[in-house]
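Take a look at the structures listed below.
Next, two complexes with chain A in common: one pairs it with chain B, the other with chain C.
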Partner chain A sequence: MDVTPRYLGAGSFLSRRDPRVLLLVPVLHLAAVAGIDDLRPVLACTAVALLYYRAAGIPWRGVRANWTFMLTFTTLLVIVNSVLTPADTRSWGSVLFTVPLAHTDVTWATLSYAATILVRYVSLAMVGFPVAFAIAPADFGVAFARLGLSQRLAYGVDLTFRFLPSTWASLRETVDAQRLRGYEHSRSRNPVKRLLTLRPVVVPVTVNALVDAEDTVNAMDLRAFGGRHRTWMRELAFDRADLLVLGGFAAMAAAMLVARILGLTQTVWVP
Partner chain B sequence: MSAATARRGPLLEISSRTVVYGAVGAALYAVLGLFSFLIPGTQYVAVRPAFALVPFFGKRFGVIAGFFVGFVGNIVIDLIQGGGLTYWNWSVANGLVGAVAGLIFAYLPPIANEVLRLVVTALGAVAATAIGLLFVITDIPLQGIDFNTFLTLNYGPALLADAAAVVVLTPALDAIWEPLSKRAGR
Partner chain C sequence: MTALIEVRDASVRYLSTGQAALGATSLTVGPGDLTLVTGPSGCGKSTLLRLLNGLIPHAYRAEVCGEVLVGGRPVAARTIRDISTIVGTMLQDPRRQIVGTTVAAEIAFGPENLGLPREEIRRRVEEVAGRVGVTHLLDRATAGLSGGELQMVAFAGVLAMAPRVVVVDEPLANLDPAASLRLMREIRRFVDEGGAAVVVEHRVEEMLEFGPGEVLYLEDGATRYLGPVEGFLRMAPAGHVKLPFPTLVARAGELPAVTPPPRREGEDAVPRLEYQGVALAYGPRRVLTGVDLALGAHERVAVLGPNGAGKSTLLRAAVMLVAAARGEVLVDGSPVAERSIAALATTFGYVFQNPGQALFSATVGRELAFGPRNLGRGPEQIARDSADVLRAVLLDGEKDIMDRPPRTLSFGQQRRLTVALALVMRPRTLILDEPTAGQDLRTTTAFLGHALAAESVESVYFITHDVDLALTYADRVVVVDKGRVVADASPAELARDESVWSKAGLRATSLVRAVRDHLPPAPPGASEPLRPSPGRGAGSVPHPFDLARALSSHAPGPSGSSNPFPQEGTTCS
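== the complex of A and B ==
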């Protein structure tokens, strides 16, 4: 399994943007699609999200597994939450069928609303994937710092990504070492027993990481970390394209918010 | 001010120690959090053993480090697995678990008896999990679900699975870290 950040969208239109754009767009998109019950405006927002996603230039082969996981998980979630146990207010109209065991009446309104939720999640994933795959890993820290996060915590985000490969290597080493001592992962159906058998892996990996972290703390203290305002190697500045992208999503969020206030998007659409 | 609070300094201090331990914890949570298993007899209640790290870091390294581990760690898991930022409210809930654990243990007096300390650690971690995960009530407006669905299908199963992980693993981590932290003067 590859746990290191993958910069799959390198060289694309979005990867050339200020990384703050890629962090702000999901927030604006969430503001646009949240709380909308009508499938049609959500589809319109999803079309915009699709264009945005295409601009990230993320190769399908690289994220096929991610999309499979995301779609499977979200579909199951929507079926359980919105079809099998829908709120009464969205069960109006003629009953198409009744779910066995759950005894839930499924109507066109139920299905339309479930589709709205599913499409909303897919559109959020479309604007979220570029954060994972089209921002250079080294740019996360400076981007968060320039968005107003504490300089120290922004550096913490940077450090997290740098620690990922070594933590993964440490996990593999520990599992191998414990196997040589006879460790076997439990296949028991008892969850407590399975958790207990994980202790020989989780505990040493955690303690080793914490002991090693002390060296990093000392090194940072010796360099007076946090003593003065931190500067970053990468200078960030919005250019015209950045402002256009942000302005476009901000306008869409504002338009959807106004439509929501006017009550234009609160009714479940039934074809 | 209790001895525990005095040892840690200001509750919301962001020192180099907070930053590094927060980052180490988030990386650990992200890597170990990729592994989970289903509780037999349920369709989708998955136990994520690494969740035990969140209250552990909250207890040992404070409110900020605890929040950082839960929030950033869960986001990194989502980024690796493919969820993106779609389930951002669950990341906030994870962060709140760490923060609440930091708060609870900051105001508890030090306990000399080891067995009692481990029991209190487990109970405090479960309480932090129960309180922090309440933030997923935001699923009601975000997913358009009703309160019963939230309680029985979202919050309840998540609490059950995470509580199992923290009861078993958080005291185990704490028991190992206690002598090490004393030896290092932390």
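== the complex of A and C ==
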């Protein structure tokens, strides 16, 4: 498994945006779609999210596995939470069928609400994926710093991306080293026992990471890290396209918020 | 001219351990100086570096006596940030030093921290990238760079701070000879252009080529020598630091006796490890192709080659840490894929480069028991085997060794313990991955001695960058380069093959040249004038000390008119 950050959307419209745009859009989109029970406005927001996602230019083959995992996980979550155990207020209308074993009545309202939740998750993924795949890894730190995070925490984000691959490599190396000593991960059903059998891997990886971190902290100190003023070589400035994208999502969030306050989107839509 | 660094009778005692790490030491470094600091592991070299760059007293709790001045002012009165504009530091392992996700971000890191204007930062990034030849890498992710590239990028990151002196910790430890040469040339150029450098390195021979003006030799925290190279070569303990071969010849009379490790004889009817048209890959990334090789059950084989050539991958296939994408890997004549991990663990003992990679138990006793217990061995047998292997690696003399936490052992002891962890599985072949990287000559000799002398072990295969180590301890050397096996010969044959030394990231050492010049292939039926160590086969190279003694006894006399070697204190080209 490769955990190196993948900059799949390089060169796309979104990758040319100020990275702060890509960090703020998911927040605005979440504000727009949260708490809406009506499928229609969620579909409208999702159409906007789809356009946004297409603008990220992320190749399908690069994220096929991510989408498969995301769709499988959210579909199961929605089925369990919205179909198998629906709230009474969302199961009105004529019963289409009853789920065996769970004895839950499924109506059009149940299905519509489940679709709303699923589509909401998908739309959030559409605006979230560009954060992972269309922001240059080196831009995260400066983007967070310019969003008001402290210099140390912001650079901590950069360091995470820098050391994720090497920590993963260290984990693999340790697993290899222990396998050659006959180590196999427990297949026991007892979670405590399973956790304890991870010790031969977790302890060396953690201790090595701490030892390495001391050198890294020294190396950073020796290059003057930690001063009050720091210049980020990458200069960030919103251009017109950035402001248009942000303005569009802000307007959508505001509109949906108003609609929610007015009670226009709180009813489950049944065709 | 004002000295850039002045150390006046400085001594250091760490408050955390209460131990004195450095005795009264003095050193002056001015513009144009290249100073070599050398000595065995634990001699105080790293502590001295920490004094020079301000980590002591600013980051480590230590009692410092004497005086350390950087740029004419005491380090204690300056901040590390302030000192970093004068003293640039390169750590031994660039992977721990590099913090930027891309090369450009890494080089810019220091100037960014200094709060320089963006234009100035960009100018410095372009300038130093061009200077050290990494401009083509600027947009690359640092995670994907080779060891040699990482080292050059780390150096560029240091130069971008515009320091006046660089202190460099063991620059040759993790690099193949060609990459080391590139880095040291850059350091030399930095010095020639008015900078200064303090290089900590125990591989003295390689360093002499770059003309250090002064050598500081430390032992047990004390200064044993400070002065010009010539004097150092006359006094340096030959068993502790790696000296040029001509120096060994000149000092042949004082060289310690060498006892070659015993070897296990036996018939090699079936190779222990055989590759038949093998290609090895990690996912889509192919590392080695077209490998046809058979390693004997009673051979000592060294695998040489540049960083990233596929040396480790080659031997990892023996224990199924990488599977063959094409062809077949056979162990004792049967496909490796058909063997269980337990069967492989008792055939091959694999010792990883980092001793901390596997240590997790509360005590040495439990650490040793972990592997055999996984194989289903009983407590009595485990206790017996544990005691045996600790004796084999000379750790049995340590007080309460079985009850000691493994990580409280010194680095050298931890390395020996990793050999013990492999031996306690009772393997027939030991595989050592970079067994001596960053180790001094004495530790290297002791470590390999233990590994080669282990009772149950029939064969040893080891991966190394150290050409002399390969020539001295192996019966056979396999050279890997650019994903292929490019040479497979006895040490003497390899030394004589000049074409190998101009390729494959290798450089001919003075020992290689001595073998080439003084160990001609013996004609059929004739006796060789200089025989290899007892127990080693034809084509082997004698231990450098034995070879130096033999050549010295053949030399005509002190006038040296016909002595084929350069005079002491000079380097060989």
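Please note the rule applied: the second predicted complex is superposed on the first by the 268 of 271 C-alpha atoms of A that agree within 3 Å, B and C clash if a C-alpha of one lies under 4 Å from a C-alpha of the other, contacts with A are read in each partner's own complex, and residues count from 1 in each chain.
Rule of thumb we're sticking to: a residue touches a chain if its C-beta (ideal position, glycine included) is under 8 Å from a C-beta of that chain, and two chains touch if they have at least 3 such contacts.
Everything numeric here is computed off the predicted structure, so don't read it as measured data.
First (chain B), second (chain C), both or neither: which does A:167 touch?
Once the two structures are laid over each other on A, A:167 reaches chain B alone.
Per the contact definition in the header, classify A:199: touching chain B only (first), chain C only (second), both, or neither.
both
Residues of chain A touched by chain B versus by chain C: which partner has the larger set?
Between chain B and chain C, B touches the greater number of residues in chain A.
Between chain B and chain C, whom does A:159 touch in the aligned arrangement: first, second, both, or neither?
After superposing on A, A:159 lies in contact with both chain B and chain C.
Name the contact category of A:226: first (chain B only), second (chain C only), both, or neither.
both
Does the superposition put A:235 against chain B (first), chain C (second), both, or neither?
A:235 contacts chain C only, not chain B.
Is A:216 touching the first partner chain B, the second partner chain C, both, or neither of them?
A:216 sits against chain B and chain C alike.
Examine A:207 and indicate which partner it touches, taking first as chain B and second as chain C; both and neither are also allowed.
both
Look at A:61 in the shared chain and tell me whether it touches chain B only, chain C only, both, or neither; answer first, second, both or neither.
neither
So, A:103: does it touch chain B (first), chain C (second), both, or neither?
In the superposition, A:103 contacts neither chain B nor chain C.
Which residues of chain A are in contact with chain B in one complex and with chain C in the other?
5, 159, 161-162, 199, 203, 207, 211-212, 216, 220-221, 225-226
Would you mind writing out the residues of chain A in touch with chain B in their complex?
Residues 1, 3, 5, 26, 30, 34-35, 37, 63, 65-70, 73-74, 76-77, 80-82, 85, 87-88, 90, 113, 117, 121, 124-125, 127-129, 131-132, 150, 152-153, 155-157, 159-164, 167-168, 171, 189, 191-192, 194-196, 198-199, 202-203, 205-207, 209-214, 216-217, 220-221, 225-226.
Enumerate the contact residues on chain B facing chain A in the complex.
Counting only chain B, the residues touching chain A are 14-24, 26-28, 30-32, 34, 37, 39-40, 44, 47, 49-50, 52-53, 56, 64, 68, 72-73, 76, 79-86, 88, 141-146, 148-149, 153-154, 164-165, 168-169, 172-173, 176-177, 180, 184.
Where on chain A does chain C make contact in their complex?
2, 4-5, 136-138, 158-159, 161-162, 165-166, 170, 173-174, 176-184, 199-201, 203-204, 207-208, 211-212, 215-216, 218-227, 229-233, 235
For chain C, which residues count as touching chain A in their complex?
Against chain A, the touching part of chain C is residues 53-55, 58-59, 80-81, 84-85, 88-89, 91, 93, 95-102, 104-105, 108-118, 121-122, 125, 141-144, 157-158, 161, 283, 316, 319, 321, 341-342, 344-345, 348, 350, 352, 354, 356-360, 370-371, 374-375, 407, 421, 425.
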